[in-house]
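One structure is given below, represented as structure tokens, and several questions about it will come after.
We call the chains A, B, C, D and E, going by the order they appear; numbering starts again at 1 in every chain.
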Amino acid sequence: MTRNDPIKHFFIWPALIIVLLISIFPLVYSLTTSFMSMRLVPPMPARFVGFGNYADLLSNPRFWHVAGTTTLIAFLSVGLQYVIGLSVALALNSRVPGEGIFRVGFLLPMLVAPVAVALVARQILNPTMGPLNEFMSAFGFPNLPFLTQTSWALGSIIVVEVWQWTPFVILMLLAGLQTLPDDVYEAAALENATPWQQFRDITFPMLLPISTAVVFIRLIESYKIMDTVFVMTGGGPGVSTETLTLFAYQEGFKKFNLGYTSALSFLFLIFITVIGLVYLAVLKPYLEKHK
Amino acid sequence: DPDFTGVELTATTQTGPYIASALQIAAKGWEEKTCGKVKVVEFPWSELYPKIVTSLTSGEDAFDVIAFAPAWAPDFTDFLAEMPAEMRQGSAWEDIAPVYREQLMVWNGKVLSQTMDGDAHTYTYRIDLFENADNQKAFKEKYGYDLAPAKTWKQYLDIAEFFNQPANNLWGTAEAFRRGGQQFWFLFSHVAGYTSHPDNPGGMFFDPDTMDAQVNNPGWVRGLEEYIRASKLAPPNALNFSFGEVNAAFAGGQVAESIGWGDTGVIAADPKQSKVAGKVGSAPLPGVDEIYNYKTKMWDKFDQVVQTSFMAFGGWQAAVPSSSTKQEAAWNYIQYLTSPEVSAQAAITGGTGVNPYRLSHTTNLELWSKIFSDREAKEYLGAQKDAVTAKNIALDMRLPGYFSYTEVLEIELSKALAGEVTPQQALDTVAEQWNKLTDEFGRDKQLAAYRSSMGLPQK
Amino acid sequence: MSQVRLEQVTKSFGSVTVIPPLDLSIADREFVVLVGPSGCGKTTTLRMIAGLETASSGTIRIGERDVTDLRPGLRNCSMVFQNYALYPHMTVAENIGYGMKVRGTSKSDIEKSVAEAARILNLGAYLNRKPSALSGGQRQRVAIGRAIVRQPDVFLFDEPLSNLDAKLRIEMRTEIKLLHRRLQTTAVYVTHDQVEAMTMADRVVVMNQGRIEQAADPITLYEAPANLFVAAFIGAPSMNFIEGILERGEAGLSFRAPGDVAFPLPHEQAQKLGAHIGEAIVLGIRPEHTIAADQGLPKVKLKVRDIEPLGPHTLAIGKVGSASFTAQVHAAARISPDDVIDVPIDMAKVHFFLKNTGVAVGR
Amino acid sequence: MSVRTLQGKGRWLALGGCLVWLAFTLFPLYWVAITSFKTPIAVVGGPTYLPFVDFEPTLTAWNELLSGERGAFYNTFIASLIVSLSAAVLATFIGAMAAYALVRFTFRFRLLSALFFVLVAFGGFLLGRNVLGFGQGISLIYSFIAALALAVISSRFRLPGPELGNNDIVFWFVSQRMFPPIVAAFALYLMYTEVGKLGFKLVDSYIGLTFAYVAFSLPIVIWLMRDFFEALPIEVEEAAMVDNVPSWRIFFGIVMPMSKPGLIATFMITLAFVWNEFLFALFLTSSKWQTLPILVAGQNSQRGDEWWSISAAALVAIIPMMVMAGILSRLMRSGLLLGAIK
Amino acid sequence: MSQVRLEQVTKSFGSVTVIPPLDLSIADREFVVLVGPSGCGKTTTLRMIAGLETASSGTIRIGERDVTDLRPGLRNCSMVFQNYALYPHMTVAENIGYGMKVRGTSKSDIEKSVAEAARILNLGAYLNRKPSALSGGQRQRVAIGRAIVRQPDVFLFDEPLSNLDAKLRIEMRTEIKLLHRRLQTTAVYVTHDQVEAMTMADRVVVMNQGRIEQAADPITLYEAPANLFVAAFIGAPSMNFIEGILERGEAGLSFRAPGDVAFPLPHEQAQKLGAHIGEAIVLGIRPEHTIAADQGLPKVKLKVRDIEPLGPHTLAIGKVGSASFTAQVHAAARISPDDVIDVPIDMAKVHFFLKNTGVAVGR
């Protein structure tokens, strides 16, 4: 039952006000500038260009390329994160031996600053000084181009993303698993449902709401991937591993081409909103069914 | 001495120890001397530019002293205070290498910043490999001339090719090839020799008369070809090298020669950081015997090898934003920081990142023998001195909208290095984009800025 | 063959011992009803049989197998949980059919079985609802449905009818009995409803604080409770107790209660009680045995405190001396609180227990 | 024992999987740990693995870091600790409150009211800044208040157009996370400086930074906590409602304890986000409230990667988080709802 | 003054109408018991009174106040939930005392009240346990405890004793009645236990599919059910029904059942039934009225299918003609399945209903 009680305002307004206060100006500001040609350096007077920036971007192959790369990285890495994270969370929840240690150990990557992660990754992937090269050489694959060839570089970036963010999935799914009632598992155990059947018919459907949320958040955050790419490949070779945010970063913080960056941000917002809405719409029937 | 009791300066630069520690050490001395206070705020190198730009343009009084890369100066000039006249005289002033004093610190005739670090590319090589008799013999046999520090870029590549022996864990050379990893300065070093015609000063990047991009002329193409060739003679995955890896590769004994800033020499000579300490030779950058003349569109031949020094990066600058309310104290602090004594000490203190920029720095051998062997010190200082005092000096590019220009360059460079486009195609694209950018920013304004950055009088 | 045997089984939760060593053996096809006060360990016992709790010590066997450490799924028990344990995300039909689906039964078979269960349980109209949209009793029926679509070795029912109305409860009771007869499955059934216990059980096991007080067929339990606890526990309203002393008088043995009332014992009983003369004894008499035609029976004086009309007859609740006493009187009798009435005691139906051990004597 | 505990072969399989994952997780961290004790030469000289066996450990990197030679270490450390703890606590609290409201109460408003808000805020700002000549700060404040008032008042009337409900509000919250941070961070910096010019310093202040972090964590907290709250049995709350327990006490006394695993997990996530946040920290702070990620990123200097100091800084940065994770993960226990309802 | 009035209250969940317009008024201090088949809307009614469901239409009043849209907390009801709804993170003592703590009662007062409730509910030993470590019946008692420590305007009990053993149930019943007497609080009590309903209620409301079939005191309900539904629902085992036709014969009116058995009506009844001659009528007789001494009473032939020994007497379950029939016989009677026995019908205790409307006639 949802109820009506004036106190609901007391509950929601703090969050609403804070988010509104913080977000409204950036929104208004960037929406305004997205219709202007505006550079901070070299300082140039702002000029209204209408949809010029948008048209520019949409006809810029780099934009489409970057959007494609980002989508690839986001979907692949989030997919892997979810699969691995769910498996690990299940294992932890079923109390594998040493669960206490795993619990803390598995969380660690998430606690390291992304910049540091990328820097460390670069060291480990270093073709001459890194341990991975030595390891691969032992198998007869010396000096693999981990960061200098497009497909390898994308792979490396995805692996690093998975390393860093799977803990997020583990943590949230573990919390979700812990709120599931025990008694239904007892009922299923009596039916001699195999672990797989229990997973398929009970755990997964009951975990679906939180899974949806976790994957959604990870997707959004993955679309904003920047530090990892910036540090690991700098977007190279060429622009082949450049992501949307890195592109925005170059335009915004190196060239201070604010009008263009704002338009880019809005396209990005629209892009993700569409993806998000599609994602939620696709999942909706399942969520309803298992409610 | 002036008394600045109660004054607290905020100075910002990149995260230490490089440069930041120089500021900090000087801060201590200055605080004792003047009773003021200096707070050094450090930001990551890649974030320093946006941080300074935003605080300058928003008009916030956040910093009193900024230490920054000279290439950014054009974007800052509107917001910087002029150096007080009394600092621009006397022996300490004259002691600053002219290239800094007369060119890099000056903007439209005004001195807006003070160099606090000297930077130029030089050449480093492995004495032990070069003076090994077997190597010398084999080299002579193969190339028909004696093995010695490269005098020309052709020799540079020959040597690299000769020493490129992956089987022995040895490669020819190391340069930065990574996007976002100082790559284009290495390209500029290759190009500078072929394009800096003594008759056409300041014509390396743009035609200083029309502001047309020169970046795709045959001199550039040749430079880029050689740069790409060098990447093939470098350790595997050198395409992901930034300058840090270059140093590491050299200090790790992986390469026979390399080019780059003075750090290579200092790091490689330090037994704590290097496997090749005591075997580090230094020399000026290789030269050329023909230079492209963009005016005549001809290659001009020279009898002698022309040594062109490229002021890559150009050394850190210290300046005072005009929004600062403590300008007097700020300039006083900068003066102290860059005074011959304090700076000389900084130049030989490991980790300050300060390279010689005063004439006195390069003449005081005694100071340097602390970290170098005699021969190393002599060669190192000689190379440094030659670099800042060379007859034919190529200045680095400094333009408003700097990052817009370099981004285009970086992207095309990466493509060319990866073999996706030919050097000519890459540079043609760059030229086209540069011209577009120039038009967008205003050709006249850019032209004026370019001329002034190259030390040319305004038209 | 699926008898169930618990041998010296104990169960503790941390430091709380819930079941002290317990021996219970249930024959193949037997229908055993477990009764006992709330918290005495009935659910725990069922759960140990099902394998949902591991016994702290002892052995559990189903058929010939030692199942003490076997997974629940392999014990082939089917259980109605006291708290239902429905799958909240499945509809009623899915809940009931899930076990079959797990075992790979064909879709049409599942549908048939589910429809049959729904018919038995009156759930036909709710098959597509989720449990959250059902009433308490409906949920309970779904829980029953889930258990009865299977053909397990052992049925375990934990108060399966507690939330159903009387009519439905009787129907269900009959259905469960029919099911038991049809499938010939061993069944353990926990209930608080004495009628249920009496009518369904082959044998009733009375538990108290984890121990078995008596295990016998319903009639025996009613007519010959082994001790005070069972006597008091079985039968509603509960048996009345009067403390007193066994005396030898002129007319043979008699029971002397406080207030100087003496109840002469019939000859048969007197013989068996001879050994306990002079001991403190408790006399027990069920309320329904106080209504007999009162020709010459000894009487006690009941000070009525409360009246409970039950339809066919009325309960008069009050005190005899200082002990609580409930008498069953004819509905027609016009009595009201604070009356003092004479209640006849049918000495043929009286039970005697030793006061200090509670053990029944005289049988 | 619980039936959810894996048994038999599955258990060992799971253990094997976990160990593999643990190795994958920990190796880089181990690498970081040993690298922080290596000399530069040991780092560039190719991979070595065991201290004292492969290489001679040194404390140089740690000395440099702790002595402040590589950035004002203690200052940033303390600032990070204060800001992230308070921001995470606040965000979790406020966000959980909002999530609860969105799960248990009905909100309805017209799309038109929301449009009013955007239009008035937007138009008012432009009007104030460009036509009336107010400063950015003033016009922002005025237009914000006017827009909010108008939106609230207009929602009292029966406006035409589609009606929006709880799900739309939730989506609006998350959409705040979708906007790329680049321009937002810069714009926020501008806004803060404008407010600063009005005499209320936000840049490089505790309030400014914490406030921003709370705002940017809220969407995630709300989105996640909503699902945890939805999983709670409502009957328990109803029992309290019948008892006339005020809603806020129901929330704090009953709902929060019942959703402890979710709360803790969300708090951990928020904390980790804030602790590692870089962009806002970069723009909104300069000297006093600079945070650790800036210091860590700074170790990647212009002169190349100084891995030994990067490693030391990264390690220091995760130690407090490790402690938190250790403490908190102990509190995450299942079976909290056991026995609540039949 | 806290009478409760439901006026034309309806409740639908989506498209499912659970309560069609319902009128119910409960006097101040009255103890009303709500009975009805599973799923008939009892819980829903209680929840609407408590304010946990909003009525889809209609008005609800408590005392003089219109509380239809009032928040639950402001209605000052106290409720025992059918599914307990305990606070899982609080101990038993905290669960019981939480309401008081919220109202700012002093710590010592809380402790006193909790101790008193624990005494009443036999929970003393469990005060520091969490609900998860309790048995089903113990949890239920905690739920009761939480409700009874308050002094609300209205008590709402939703099957509060369903999971308790008979003995405890009787104790609790008494305690709740005492409490009701002491606090003089209006109470609405849902139960499936007929004994509970009969003994506790001032008035029993029989519900069916959301409608009220009859609301009357227990004796009336038992002796004069208003219709077939109530007749069948009240009383366990349930009333027997024989369909037939009312005829005027030589000896006055008589009821003719299939198989050509005629039951002559006593004069009094005959007078009242005159209007229904020739109509299809259902005769109802309770099992307990088939045991009377059989001097000259009309008899039906019961083909016994099943025997249920209940202790004091035995139920013979079988068929009369094609209708199910349960007779109560003396425990001593030796009958077995497949016997055909004569069952006497005490015509003074017989009920008549119109077949097509179900309405009782002849009273």
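What we mean here is this: a contact is a pair of C-beta atoms (placed from the backbone, for glycine too) under 8 Å apart; a residue touches a chain by one contact, two chains touch by 3 or more.
Remember, it's a predicted structure, so these values are computed and weren't measured experimentally.
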Path length in steps (a step moves to a chain that is touched) from chain B to chain E: 2
Mutual neighbours - chains that touch chain B and chain C alike: A, D
Chain whose mean Cα position lies farthest from chain C: B
Chain A-chain D separation of Cα centroids, rounded to whole Å: 14
Between chain A and chain E, centroid-to-centroid distance (C-alpha), Å: 59
Computed distance of Cα centres, chain D from chain C, in Å: 57
Chain C: positions in contact with at least two other chains: 52, 71-72, 82-84, 136
Residues within chain A bordering two or more other chains: 1, 3, 5, 128-129, 181, 186, 188-189, 253
Where chain D touches two or more other chains at once, by residue number: 3, 43-46, 186, 190, 238, 246, 297, 299-300, 305, 335-338, 341-342
Chain C-touching residues of chain D, taken from the complex the two chains share: 1, 3, 7, 341-342
Sites on chain D touched by chain B in the complex: 39-41, 43-46, 64, 69-72, 186, 189-190, 193, 196, 203-204, 282-283, 286-287, 290, 294-295, 297-306
Chain E partner contacts - residues on chain D that touch it in the complex: 233, 235-236, 238-246, 249, 253-254, 257-258, 260, 335-342
Residues on chain E engaged by chain C in the complex (per definition of touch): 13, 16, 35-39, 42-44, 82-83, 133-138, 140-141, 158-159, 162-170, 192-195, 198-199, 218-219, 222-223, 232-233, 235-238, 286, 288-289, 308-312
Residues of chain B that touch chain A when the two form their complex: 46-47, 49-50, 53-54, 57, 74-75, 78, 178-181, 235-237, 239-240, 245, 248-249, 252, 254, 400-401, 403-404, 407, 411, 414-415, 417-418, 420, 441-442, 445-446, 449
